[in-house]
Amino acid sequence: MSARNAELLTAGVIFVLLLIAPPLLEALGLGYMTGLLMKAMLLAIAALSLDLIVGQGGMISLGHSAFVGLGAYSLAIGLESGIDNILALMVIALVVSGLFALVTGALALRTSGIYFLMITLAFGQMAYFTLTSLAGYGGDDGLTLWSLATLFGSKVVQNSGQLYFVILGVLLATWWLLHRITHARFGRVLRGARDNAERAEVMGFSVFRYRLTAYVIAGMIASIAGLLTAQQNEFVSPSLATWQHSGDLLVILVIGGIGSRNGTILGAFFIVIVQELLGAILPEWRLIYGPLLVLVVLFAKGGLNTLLTPGQGRRAA
Amino acid sequence: MSFTLLLIQCLNGLQYGTMLFLIAAGLTLVFGVMGFINLAHGVLYMVGAYLAFAFLNLTGNFWIAALLAMVAALVFGLALEHFVFRHLYTRNHLDQVLATFGIIIFLNELAKVLFGAATLSIPVPALLDGSIPLTPELNYPVYRLAIIGVGLLVAALLYGIVSHTRVGMLVRAGATTPEMVNALGVNIERLFMIVFGVGAMLAGFAGVIAAPIFAIEPGMGDNILIVAFVVIIIGGIGSIRGAFVAALLVGLIDTLGRSLATEMTGFVFSPSMSNQIGPALASMLIYILMAAILIFRPQGLLPAKGTA
Amino acid sequence: MSVLDIQNLSKSFGAVRVSQNVSLSVEAKKCHALIGPNGAGKTTLIHQISGVLTPDAGRIRLDGQDITAFPMWRRAQAGLGRTFQISSTLASFSVLENVALAAQAKAGSSMRFFGRAAAETGLNRKASDILARVGLADRAGILAADLSHGERRLLELGIALAGGPKFLLLDEPMAGLGRVESERLTDILADLRREIPMLLVEHDMDAIFRLADAVTVLVDGVVVARGTPDEVRNDPAARAAYLGEDFE
């Protein structure tokens, strides 16, 4: 079986399991677990988008949660302003995050390597502080959403409706879109520039344009994850945009194996499960989680994905 | 705003700037010389503050506590270097980010477990307690002036070391052409350890002197770390002079911005609007400055290349 | 008409003048060699032509188009192909994909987000043809990282050719090659030179005498001699520059 078929098959299994999970959990009396699954899927969407920058582009961003925050606040502020159609709110989120990505990305990409990480971190922090200073929308404390987005008046996109399957659908769409982009001409240029930016430039590609485009696409997808997170939590707060949250997304990528979409989804589930499990046993679970990260970096290269598909490298397409 | 208030804000800005410098100086050297991304640098600032708190409770004397805390911060930094960071120098940036991120998570939680989540404080030492009149209407706390003085002193000392000693020469060379340092047959591992130890001690020192005037709390190093990154980007990676100038600039702009922004935006917008926009704009100022630097001088104000 | 036309190029680093009024032009179907002792400013000149460095003064024209201020990728789009002194390939790409990506740069927009690039027969066929030409056809499927040094030099050339260049800038293509490999590469270049004009920076004098129609000698950033290989061989200034070392 080729690596490509293995990838599609693994994805198929993951998505079928996610599709049958809610009724199954309900039957087992574990209905409350669907909330955790939704949380993991939303993390997976944000992490998948980050992988386009980190895994395919080779650019380490530490400001990705800013886009999650922008998406969530697009929903909150849109709802407060009387817009309640989720499609309209998504358009707002895409435009806002796309513009933010375009401006900050263009600045961050003026330099490279070590700088990129610091600049994305700084701009992410700027977004975070801007959100905390929105006194009219809850400031530091965040804002409870008393009304939620609808799909042309239908509550199907709410917790009381079928939000689980909406999120699953968005996850599937994200997976598919990124799969296509990665294997398309665009993705190949991006990977070429990751391997050797000067070579790609000498071949005739404006590396800056391709990287910026990837940055904007990733930011826009992450904003949709943020918007749906707000819809699921029925609450927004600046904490969605903290740099620690960006760090969590990077952890998911590394745990899952950089460049692997299936690994990223599993990484998101792994993180949610570990945090919940450790958290249930030990309130101070971070005392274990922190050193665990250090150990994973020092001793376990390749992530979960290498367990799934042996022989596939760390930087698979 | 009165002139007096403006003067106070300028002094506060300078004081914030010197604190930033103490943190950014170590960070920029570790970056410049080792090419190592150390997110855990800010957490050493927190460690310094907690150590000062702990030693003050033990000894009852601020000065002894401060000295012990600095030594302990140095030992702690060297231990981190020895057990973790040393194994990361040759790794890619992503590995460095994740491992140091793990250390932050651990130490923040450890601080919470050992000292509680509530904010702590220690009193200003008696010798520096009180205010002195700068103008007839203006009294300014002696302790804050002392911080500015100490910050300037450390800056001068560091600058002297980096530009006039053998170790400093290697540090400069390392920041611009690491291959050359290698070629000189210098013991790179020891150079890294020294640079790292000095950086850790400076960050710890910043934490110690911050302890009497800022809240000591878990996570206190996280936000200041990012501001230190902004300082480094503005100043130029690996440059002590750049870090100094940028730290003072960022300290002043941030402090003045926060006190002036609402008034300034009040000229353009209605009072209720400016109450919304002012604080948001103030918190963005230093990042806007960083963006401007990236547009017009992407190598930073005083880049390490070719200078001290 | 000259395909590459360099006029009065000057570049200084502080007080060091690395290029002083360098002019050089290469006509269609010609191979022009650039030689000079180490530190003569050959590499800085190459960097100015390829866009790594911007000259302080002077003009560079490619096929009549002024490319002096172009970034690297636009020079490539304008028809400048180059190889690096130190092999520069995409290590995690297969040999075929290295060349196919280079071909992609010249085959319409790459801002395409759908459709498998690896399955584009047009690009793959072109890449295969080029690999056959540089003698790497049987290595198409392996990773560039797994090539031998000599093979990587050939891949360098293949990548440069895939862009369909109007002009080739070859920066010490024989560097680090053994005698047999050098001769093999020289054969390939001899085959190419009537098709694509080239500027060849090289230390291998055998290759230069076989390939070059004209030679320019650069010393301390200044052109000290120019002519056919035979003329330069007998030029006193050129001989002085080399102090007779391997110059027979």
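Every chain is named by a letter (A, B and C) in the order it is written, and numbering of its residues begins at 1.
Assume contacts are C-beta pairs under 8 Å (C-beta built on N, C-alpha and C of every residue); 3 or more make two chains touch, one makes a residue touch a chain.
Since the model is a prediction, treat every value here as computed from it, not as a measurement.
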item	value
If a chain touches chain A and chain B alike, it appears here	none
Closest chain to global C-alpha mean, per-chain Cα centroids	A
Gap in Å, rounded to a whole number, between the CA centres of chain B and chain A	31
Chain centre separation (chain A, chain C; CA means) in Å	43
Centre-of-Cα separation between chain C and chain B, whole angstrom	48
Interface residues, chain A side, partner chain B - complex	54, 60, 62, 107-108, 110-111, 113-115, 117-119, 121-123, 125-126, 129-130, 132-136, 243-244, 247, 250-251, 254, 258, 284, 286-287, 289-294, 296-298
Residues of chain C defined as touching chain A within the complex	50, 71-74, 76-77, 82, 84, 88-93, 97, 101-102, 104-106, 109-118, 120, 159, 163
Contacting residues of chain A [partner chain C, same complex]	180-181, 183-189, 191-192, 195-196, 198-207, 210, 213, 313, 315
Interfacial residue positions of chain B with respect to chain A in the complex	31, 35, 37, 39, 84, 87-88, 91, 93-95, 97-99, 101-110, 112-113, 222-223, 226, 229-230, 232-233, 237, 275-276, 279-280, 282-284, 287, 290-291, 294-295, 298
